[in-house]
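Paired with chain B in one complex and with chain C in the other, chain A is shared by the two complexes that follow.
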Partner chain A sequence: MMVLETLLYIIAYPPLWQVIVIGLLGSFLTAMIAIWFERKAAARVQRRIGPYWASPRLGGFLNLVADMIRYILQEVIIPRTVDKVPFVLAPVAAFVVSIMPIAFVPLSPYEKFWPVPDMQYSLLIALAITTVPPLLAVIGGWASNNKFAVIGSLRESYVITAYELIFVIAVLSAAPTFLTLNVLHIVEAQSPFMWLAFLNPIAFLAAFLAVLMSTSAFPFEIPESEHEVVAGPYTEYSGILYALNMGGAYVRRFIYAVLISLVFLGGWAPYVPPSEGPLFAIIVPSIIVAVKALIVVLAMSFLRAVYGRYRLDQALDSAWRLVLPLALIGLGWGIALGLIM
Partner chain B sequence: MPPRVAVKNLKKGGGLFEGVKSNIEALIVGIKYFVDPKRMTLLYPKEYPEHRPGYRGFIVLKKDVCISCAACARVCPSAAMKMVRVTEADPREPGKARQKQYPVINYQRCIFCGYCVDVCPVEALYHLPFHDITYESLADMFLTLEAFQKEPLRPVEKEGSPVVYEFDESAGLVKREKKGGA
Partner chain C sequence: MSISEGTIGELRAKGVEVKRLEREYYEIFIGPQHPGSGHMRIIVRLDGDIIVDADPDIGYVHRTMEKLSEGREWIKVTPLVERMTIIDACNVTLPYINAVEKLMDKRPSTRASYLRVLLCEINRIASHLYGFGIFGVFLGHSTAYMWGFGDREVFLELAEILTGTRLTYTYHIPGGVRRDMPQDFPQMARRAVRYMRNRMAEYEKIFLNNPVIVSRLRDVGVISKTRAAELGIVGPTLRGSGVRYDVRLNEPYEVYSELDFEVPVFEEGDALARTLVRMEEIKQSLNIIEQAVDWLEKHRDEPVIAKEDYEKLPKLHKELYEKTGRVKLLPTQISMKVPPGKAVARAEAGRGEIFYYVESDGGVMPYRVRVVTPSARNVIVFKKVVPGHRLMDLPAIYGSIDYFPPEADR
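What follows is the complex of A and B.
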């Protein structure tokens, strides 16, 4: 019993649990489930079967494992013409920085389970860090010294400029509603079912669309559209570096989804964590948050089956003329809610 | 002067309401198919298509009927069929040998167009309703005269079950299990 308790405390050690288990492993698992679901859902809607023969009982899930092993074992080719240091560092740094925002949000109401001691400005800090990885993707594309990569980077920067602003505005609309920038207070104010997604659906929709576009989720993969620019910023990458780039997009989507589930979907809302014991104070609430985030990611994956890819001009047009006003309306609604409440 | 082309008056995309409405309709269609998929994919070794009798599949030779006219070899568009000269016992004059030509087929080249069957004046060639071309080596795909007279076996018949594609009023072409077993 003593051993088990100690082991639990070691696992629940905040940096280990929150950053490595939920952040790294969780996003890894989410990426695999999301890719699998994306392929299966698109196949169902298009009257196909999708991945199947690798493991018929699991619906072909092991196909993803095989893909992953292939990426890991593949030869990494670094062309002679690239700028080597940024070329290699950019995807690695982007992957690491993508996970980092999760270290600055609370997944438990108790201070001893936080990776950082103070959550006063957690919403702002997490939002600020989510804006870094696209820059690294642009750096990697520029370092590739390839016209497709440069065009892809340019598209990426266009899309990011438009949609990250929308995401930041939409998520910050929670601040005037609850008069705080502390994610913990925002989560606790939503308990048990006063979720901001119900109170302020417009901002929620804007945030959802912004994540969909800015992480180039599959139907909207404008920067790396295969038919136009070979693989966008990732044209020259191969093997594990390409996997980091491609998985990085899913990791970013998962981290965005964690932020959305904390701010809009009430975090660990219906559940009220008791103060003692690591199992019920940190592990259960963080898993609730991760599952909510997974559902958000899967909802995004499903849209692949329904929508075609937008052109760059259509995406930017809808961003500046439709979704940005939507986000601003959401912010106004948030301020109005704050005045009423 | 070329004839005037009537310019189609394309309806311009409706307003915001129209856009929202069409997006929601697309989502509903997607969810409908997601919940109730009518799949068409053939899981080949477990299922195989059951074709109707007129299907142009494997070609089999009736050697006794053949009159060696070589029309099949000449009409073959992909040059899959060839005539071979064999020496055999003459049925009309016992004890004597005769030389005769018979067609053989190369399934590496055959496109299953069925022209040879159509052109044959004595109906010495006929189709089977399947063409599961699975051979262990490429050399096996050149059928000898003896192999060309035998009906080839269907490799999936033991483990698979037959399916048919039927037209459904609402869903279009759908895959159904064939009734009454194999």
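What follows is the complex of A and C.
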């Protein structure tokens, strides 16, 4: 019994569990499930079968593993004309930074399971870090020295300026409602079913749309729109670097979804973690959060089968004229809620 | 890149014309190896996100078809020219055969005419669905792509049952067609028509009424009525601009004058109108298919080649025709001589009017075959309509004119 307990404590050691298992492996798994679901759901709508032969019993899920192996083993071609250091570093750094926000949010109410000692400003810090990876995508595109990559990077930077503010405002609308910037308090205030998504659906919608835009999901798949700019900022990338870029978008989507599920979907609510034992105090609640995030990601993935892509100016127009006011209304609504509650 | 004044002086001294650009534009080469170009290159100059100049660089799939036609027998030209628009092979070969028939003063039997029209309309639907699918994926709508290509299969299979092959039919011969339809073909055709009518409603739901798609297409690539006439564009692109011109209507060939169909015309002239024209045309083609199979079912006794040809067939060939519905060509037909003269013929292919000029010097091969294809006439849209739009409008306009490079290059 002691052995098992000790082992659980080792697994639940915050940097290992929260950052590596939930952050890295969780986002890997989510990316794979999301891509698999995206392909399967789209295939269903489009009256195809989708991935199948790699593992017929799993619905072709292992196809994604095969794809990953291919990306890892593929030759990485670095063209002579690129600026080598930023070209190679940008996707790696973007991938790493994409996962980092998860280290600054609580996935358990108990301090011994937190990767950082204090959660006082966790919401602000996590939000701040989510804004870094798109800049690295721009750097990578710029270093590529390719016209399509430059246009893609430009589009990316336009889109960043449009959605970032929306996402920050929409998520921060939780702060005046619960009078705190501590994600832990926000989660606990929502327990068991006072979820902010129900209390403040406008801010939730704005955050959802902002995530769609930021991770270039349909209908906002603009920076890497294939039929004008090939693969946008990632045109010159190949092999594992390309995989990091494309996987990075899914990882960011997952991390955003974790933030959304903590702030809007009640985190580990309605489950109330007991204080004893790592299994029920950290592992179960963090898996609940991850599953909620996965559902959000899958909802985003499904849109690929339904929508085409907006034009750049239309997307920016709707971001500034429609979604930004929506986020502001959400913030006002949040303040009003805070005054009432 | 800047050049020093000294170099400019040297160049001027050599007689090179040097002009300073008023403003530097960003030039990108879309194609020939680009997911959004097809077999061509579009040289686009950008001012920010606005296209100031789009130069279609065509000719990547030029196969000298007109010249090659001069070196092969009359009948063997058909399998050559149908490869220029392989997705619309029936429609693009029909006017060639019509022109040859004019030279030979031969009329196809009515049954053959109906079979030709039947295959042409099946082919038109398949071609429009192909264009629709490509258009969908240009706008990032993968469902439209898959649906278009999936449903196209229905009509390719119909064509296969009728002719024995999916794409390169080589169905027409002077004076008739090479195969009669199978006994149970009308039922299959009617089932396909019913199926496609139901699908059209779903296409409208997911694509034509999709807010994202509508906002991408409305008021994009507008060609006014006069502008369309000036540019000399043809086909659905022209009818989307409100000009009522369709060869099937203005200069009926085969049995189109006996059939009841409408020519859809939209006034807006934008990419959405052009898409709607093609979708409406699919509906009209379905009507034509129904009428054609109705007629063919009632008149089973007529042969599928001209009466006088049928009587000339040897006994063995007649028996083969009675048994399988196949017309086996005689060696004399393959090396036939066409009386000297000149003839023109045109037809409405999927992408617009296709025109043939055929000249014979009385030999076993054509003296000259000249083709003017609809895509060759529509390519001007890139040059004249695209500038002023945003870069992301380029695929929307490209897809909406349903431009097919191999057809333009011949």
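FYI, the second predicted complex is superposed on the first by the 339 of 341 C-alpha atoms of A that agree within 3 Å, B and C clash if a C-alpha of one lies under 4 Å from a C-alpha of the other, contacts with A are read in each partner's own complex, and residues count from 1 in each chain.
Following the convention adopted for this analysis, a residue touches a chain if its C-beta (ideal position, glycine included) is under 8 Å from a C-beta of that chain, and two chains touch if they have at least 3 such contacts.
Please read these numbers as outputs of a predicted model, since none were measured by experiment.
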Exercise. Overlaying the two complexes on chain A, which is it for chain B and chain C: clash or fit?
Worked result: clash
For this session: Name the contact category of A:Arg70: first (chain B only), second (chain C only), both, or neither.
Result: neither
For this session: Identify the partner contact of A:Val230: answer first if only chain B is touched, second if only chain C is, both if each is, neither if none is.
Result: second
For this session: Scan A:Arg47 for contacts with chain B and chain C and give back first, second, both or neither.
Result: both
Problem set entry | Which partner, chain B or chain C, touches more chain A residues | C
Problem set entry | chain B versus chain C as contact partner of A:Phe302, first or second or both or neither | first
Exercise. Of the partners chain B and chain C, which touch A:Ile151 in the superposed model: first, second, both, neither?
Worked result: second
For this session: Return first, second, both or neither, reflecting whether A:Lys112 touches chain B, chain C, both chains, or no partner chain.
Result: neither
Problem set entry | chain B clash site on chain C (candidates 147-155, 201-209, 327-335 or 381-389) | 327-335
Seminar exercise, completed: Residue overlap on chain A between the chain B interface and the chain C interface 45-48, 305-307
Seminar exercise, completed: Residue positions on chain A within touch of chain C in the complex are 42, 45-48, 147-148, 151, 218-219, 221-222, 225-230, 304-314
Exercise. Given the complex with chain A, which residues does chain B contribute to the contact?
Worked result: 16, 26-27, 29-30, 33-34, 37-41, 43
Seminar exercise, completed: Residue set of chain A touching chain B in the complex reads 41, 44-49, 52, 302, 305-307, 322
Exercise. Which residues, counting only chain C, touch chain A once they are in their complex?
Worked result: 26-28, 30, 34-36, 46, 49, 136-147, 150, 206, 210, 212-213, 215-216, 390-395
